[in-house]
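What follows is a single structure, and I will ask about it in a moment.
All chains are identified by letter, namely A, B, C, D, E, F, G, H, I, J, K and L, in their written order; residue positions are counted from 1 within each chain.
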Amino acid sequence: MNILIINGPNLNLLGKREPHIYGTKSLEDINEELKKFGEDNGVKLDFFQSNHEGEIIDKIHQADVSYNGIIINPGAFTHYSYAIRDAIASISVPVIEVHLSNIFSREDFRHHSVISPVVKGQICGFGSFGYKLAVYALIEIIDGNGM
Amino acid sequence: MNILIINGPNLNLLGKREPHIYGTKSLEDINEELKKFGEDNGVKLDFFQSNHEGEIIDKIHQADVSYNGIIINPGAFTHYSYAIRDAIASISVPVIEVHLSNIFSREDFRHHSVISPVVKGQICGFGSFGYKLAVYALIEIIDGNGM
Amino acid sequence: MNILIINGPNLNLLGKREPHIYGTKSLEDINEELKKFGEDNGVKLDFFQSNHEGEIIDKIHQADVSYNGIIINPGAFTHYSYAIRDAIASISVPVIEVHLSNIFSREDFRHHSVISPVVKGQICGFGSFGYKLAVYALIEIIDGNGM
Amino acid sequence: MNILIINGPNLNLLGKREPHIYGTKSLEDINEELKKFGEDNGVKLDFFQSNHEGEIIDKIHQADVSYNGIIINPGAFTHYSYAIRDAIASISVPVIEVHLSNIFSREDFRHHSVISPVVKGQICGFGSFGYKLAVYALIEIIDGNGM
Amino acid sequence: MNILIINGPNLNLLGKREPHIYGTKSLEDINEELKKFGEDNGVKLDFFQSNHEGEIIDKIHQADVSYNGIIINPGAFTHYSYAIRDAIASISVPVIEVHLSNIFSREDFRHHSVISPVVKGQICGFGSFGYKLAVYALIEIIDGNGM
Amino acid sequence: MNILIINGPNLNLLGKREPHIYGTKSLEDINEELKKFGEDNGVKLDFFQSNHEGEIIDKIHQADVSYNGIIINPGAFTHYSYAIRDAIASISVPVIEVHLSNIFSREDFRHHSVISPVVKGQICGFGSFGYKLAVYALIEIIDGNGM
Amino acid sequence: MNILIINGPNLNLLGKREPHIYGTKSLEDINEELKKFGEDNGVKLDFFQSNHEGEIIDKIHQADVSYNGIIINPGAFTHYSYAIRDAIASISVPVIEVHLSNIFSREDFRHHSVISPVVKGQICGFGSFGYKLAVYALIEIIDGNGM
Amino acid sequence: MNILIINGPNLNLLGKREPHIYGTKSLEDINEELKKFGEDNGVKLDFFQSNHEGEIIDKIHQADVSYNGIIINPGAFTHYSYAIRDAIASISVPVIEVHLSNIFSREDFRHHSVISPVVKGQICGFGSFGYKLAVYALIEIIDGNGM
Amino acid sequence: MNILIINGPNLNLLGKREPHIYGTKSLEDINEELKKFGEDNGVKLDFFQSNHEGEIIDKIHQADVSYNGIIINPGAFTHYSYAIRDAIASISVPVIEVHLSNIFSREDFRHHSVISPVVKGQICGFGSFGYKLAVYALIEIIDGNGM
Amino acid sequence: MNILIINGPNLNLLGKREPHIYGTKSLEDINEELKKFGEDNGVKLDFFQSNHEGEIIDKIHQADVSYNGIIINPGAFTHYSYAIRDAIASISVPVIEVHLSNIFSREDFRHHSVISPVVKGQICGFGSFGYKLAVYALIEIIDGNGM
Amino acid sequence: MNILIINGPNLNLLGKREPHIYGTKSLEDINEELKKFGEDNGVKLDFFQSNHEGEIIDKIHQADVSYNGIIINPGAFTHYSYAIRDAIASISVPVIEVHLSNIFSREDFRHHSVISPVVKGQICGFGSFGYKLAVYALIEIIDGNGM
Amino acid sequence: MNILIINGPNLNLLGKREPHIYGTKSLEDINEELKKFGEDNGVKLDFFQSNHEGEIIDKIHQADVSYNGIIINPGAFTHYSYAIRDAIASISVPVIEVHLSNIFSREDFRHHSVISPVVKGQICGFGSFGYKLAVYALIEIIDGNGM
């Protein structure tokens, strides 16, 4: 089982950007930790980060044939990228939306996700542990345990 | 470590109510399965369901001193019970909000949670597996692994 | 054929409360009159009034197995109780919504019912005679005359 | 006692138009059935259907002097004809608004009636049986049984 | 100089309809009085009333070539007839909008006129005397006194 | 009979300010012309202009005892001065609102008057001739011809 | 193959009405030209124009049985006639909505069409050439080339 | 003279709950202090707190006959309980709404009270001293000093 | 201890203006009564009324150094004077907002106060007795009894 | 005459993506068919598809000098890319907006195009045949037949 | 070259008022510094501050003939004084709007300026240095360097 | 001191694009002029323009370590790119937002900037001279003169 984890704009700055909100671990640290976590659970995890909406769409299209599932933290694209929404709606592998912070306790514009209506489920507020929860969920979904 | 799982109105009908949305397992089945899952992970789980807003508030108040964490699926109270919101904001143990369905792909009124801004995090769209994800998250939070 | 008539908050004050809007008959008077009307039409009518949202939800759940139909005047719950809405949507017997006054000619907040989208039909503006109309309608529905 | 039943635009297509919503009976069938129902209840029913807002207004004006009550299904005029609203507000005989379908469970624009605030009461969701309920209600109102 | 006075839906009921708002004079009385007032001021006044939006549009089209100005009280069409608005915008003679009552102190929906942006000016709140004011205004406009 | 004409902020610039909208006559020219028009119609007209909301309120209070009627062009105060609105509502002499331009065909914020609901009537779009129409109307009102 | 082209209110004034928006050709000129264009493409075109909403609805009902398709330019009815919308939704022949001007670059109220959700497709901004495009489209649809 | 003081949901946590907003005194402390204050002013004060909307409604109904006035701090019910609003509107003893904090300087949802339109008056922002102010006000009202 | 009581626009008309809302006592009567009430409670009360927003702002600035507290009834400025709001936010003595009537049961525009978020507390609905309540509250605040 | 056809995000998935909405032909199939259609009509068609907003903007800039017209299906960018809107407004060749589906009968967010106000015209709902209609329209426009 | 700098309500409190937002320099200090800065750049600066909307309007009118340009910080009038807006629109010398703080990162009501649409340009967020930037800009504009 | 000037989408067309709004100087001309202006003021200016949101975000990230300040004209991204907003909020060097035109006097959608809340300050309406003002401001900020 292999899963792609996509991180959207500005998430490459993790550890540096507003650490009181996003924590002090860098994206590399998090990915390293997740990679090991994946191996422990029999899942091969690949990682992709981009600040370019178009690259994320291209990647989602490609992932449809090469991965069993996708975990996406769309960053600020969450709130306006109907193009990423359509890309997710166009593919057939399950997609889970993750946010590090609790987006519902922040600025008004962060309360609304244009992505949520087309994903399998949403997990937010658990920092980088949220990616692990999403991996657990994808394993359950892909193994088809009758969720 | 002991955790309280609170289910709000109409969730006692699980298995009977709109099974295409909520699945065919009864709440008793789910709780039984979760109880075992808790034991496997070293957590004692207690369960509480009520169709009465006031009883849920009372329970949250009591739980503050007797549990390490709370998982709540507020059902339809999600969308208007500012009283439950205040109850959660008034206590100090961590609270996680869970929804069985993806509330963002259903009727408009279900897109907005008055509870979300005061919980630690939200998990939705994974059926009853969402409660297990919430248990994982609470273990991580309570053990203080630096989320 | 037996039908349950549920009256929501403050309807126990009928006759005393704002009589220029709700008339001078008490709820007991009305129920007495309806009981007889039911008998004349071969229907056994039971009555339930509560100011507690949770009790109304419990009652709706129980009614699903013991009645052929439900008539509900949700009182002020009409305008915000998504929990009662979900209870009605969760059961299979037909439900009819009744209001004594014409809610569309009163304060703005009374113009919108969160209950209406899930009931069979709505009757409003005919005072206590509206319950009789609802009984007629339920007989027609339950007898399956191809409405 | 004589009552006028007015049907608005497109209701002449009943039986042909979207039968999953409006049923398979033609307007002629329904009127025939209602006529007999009226006779059984000692009421003479007349019928008027038009796709022209102006003709409906003219008819309402005339009906004020020649009928004891009016039952109106304004069709799509329900949602924007303030002119019909004013016509109803200008006359003194009681008017009842009827809709075949439950307008509150359909498209958003159908949830709002500009007519409702000026009628005696509203009945919706009971198919053509709604006209019979309206006849019952008008008899009660006209006989002045203290509704 | 000849001027056409157009009255919209339900204004044929003047004197009968809600006299506390619209006064007790019939439309015929008013027109008679206006006719004389016109003669005194050297203006020939013609009158047209209809409850049919289409007839009013047709009349406006015809009036463009046969009158020096139009006074219109669009009744309830004021609030939604973009078709009448377009008709007025399509012609070249000056048009004045008159309302008997002060539409800004009545129901919310009456506060907005879709006609106002395309007329020369608006006069409201002066009862039938408003038509006379409009005649004065049209004389001033048509005589081209540099308003 | 004596009438006070109040002009609000920036109307002292008439003739200089945006002449394509407001014309080329100065306020002094207009007042001179109106004074004569008043005399011809047996009315003594007084004039007051101020850019200070408070002075206009003070003047309205004083006018209640010394004038038979008030004509007010509140300028930009039209759109937000609830204090002037309350002043007008507090007095008993009739008040007429006048605007030189057709406020409904200009910027959005000019479409809404907070003054209109409390005046006798509104006249707009006729340039300075509107004041004359208002004088005619006040004569009619004060003489009590049963408007 | 025969097609009906319906033009709504004020389109009879084409050539005279705001020629900078609608062009200088009269409706007769356009129809003449379209008639010939139809013949060249093997289609018999009939034409209907009315300023009366009710007549347009009647015509749509009749056209359902006598034409293979309808092209409609609803004029100002575009923005509020839910009755015409329902008429179109009630019939089975394909309907195409055409506007001469680009309605999206004009006043706000013209941006929203209540008709669009129930037609096959919409064409706007191409002047009278839009009718020809609609004829091309109907030929394609009726010939069933798998659009 | 006897007065009932009703406290709504979560107010039983006073002293523990967000003390920077609500102060450090427990509800028992406050009530003790108020009781003495009442005695000093010749008023018998009774106290009722509940997290159950239904119990508060029941209590309001009962209080109508046994108290001279009611002071209510509806807690979060302030913002959505139209049922409590109707209960207050249904009784005849004067009711005063009190809030400990200044609800207008907190979250948006707290700015709107559905209760306020039906109470005698509102007092907010003075901590527990607000209850004393309300007692003063009720004495004045009940003694009928011509407020 | 000395306190300034500021009354905004049109409050100089008290006793004359809409007595069914504001009572029959003049502002002078009320101030006289309050003055005595102040003396009885060891507080020197000064009074200021103005219809000029600017004068009220100037007064608030001056009061910051010469008074222990301010009571303000901003009249209609309540609803739009962000300048008075800023003046209050700029000073350090406590300010209490008072309204004679219950502003929440009147016209929509009166429900919203731009002043409330920056005052210590708000009192409304108790007629002129509200000023006395505000004096009590200021004594409590200034004496620092730990509100 | 040469024309550029630009397709926006996710249109490269045509034939695979939601075929019940977008049909089963791939973009390559459609382009092949259009190329031939262009040749038959004496027009050279070039094609460009991208999921990158920036690439589409760059392409529009370049096309201004090398093409006689542009046909654009902006995909999801339709609903938020003010940058593409500005690009189109910045060039001088005519641009036509095409949508495969009827965007007005789908989700709410698809009803609003930020592109429409700056294009020549819009065509939607005709599947891939819409591109052919746009080619016809551009030929008419470029040949300057006085549309 | 001479320029008038107008400061609106509460700016006389600079240095005292909320120094974390507005800094610790008094308005006199700032003006002193600006005066010198003006002299260094060959510009005579005059200063005017008022808490009275009417005085600011009067000053703007006078400035039209005696200054080459105006810099205005309208304080809270920014958000509602359409009268100041009209005053600015009525004169011909260039006007620049300055705000000390970044109004877009403060309370919602501060995000909207009714003044901005009629000024030459806006500068905000640079503290008192913003006035110097505005002086630079006015020099550029008045010298007519083809901005 | 070195500063980066970032220009967003379509600004590469300056001089060609809508010159009545944006002037006739090309971006190269402006940059040349600014470069010299920078040198005169002891600042090294670098320039970056892109139509790609992702490239602008990448550039902002890089600039955080290599520049003392950033000036950004986000073009149309101003109105929806929450991703650029987050990029700016993530870095520590000061950022100033510049617009050539007065965005508040243009189309509605241009009145709202999602960027403004996170920049140091905003300058708009001064054409290309605005960049010079921003350079002045950055010098002041970076030199830390206590703005």
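Here is the rule we use: a residue touches a chain if its C-beta (ideal position, glycine included) is under 8 Å from a C-beta of that chain, and two chains touch if they have at least 3 such contacts.
Not measured: the values here are computed from a predicted model.
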Moving only from a chain to one it touches, give the least number of moves from chain E to chain J. 2
Starting at chain G, what is the smallest number of hops through touching chains needed to reach chain H? 3
Comparing each of J-L, C-D or B-C with G-J, which pair has over half of its contact pairs in common by residue number? C-D
With contacts defined as at the top, give the pair, K-L or B-C, that has more of them. K-L
Compute the distance, rounded to whole Å, between the mean C-alpha positions of chain B and chain L. 47
Would you kindly tell me how far, in whole Å, the mean C-alpha position of chain L lies from that of chain A? 32
Going by residue number, chain J touches two or more other chains at 52-55, 80
According to the definition of touch, which chains form touching pairs? A-B, A-J, A-L, B-C, B-H, C-D, C-H, D-E, D-G, E-F, E-G, F-I, F-K, G-J, H-I, I-K, J-L, K-L
Flag every residue of chain L that touches chain K in the complex, lowest number first. 23, 102, 104-105, 113, 116-130, 132-133, 136-137, 140-141, 145-147
Listed in rising order, the residues of chain F that touch chain I in the complex are 52-55, 57-58, 61, 80-83, 85-87, 89-90, 114
Spell out the residues on chain I that touch chain F in their complex, using ranges where they run on. 8-10, 12-13, 16-18, 50-55, 75-77, 79-80, 109
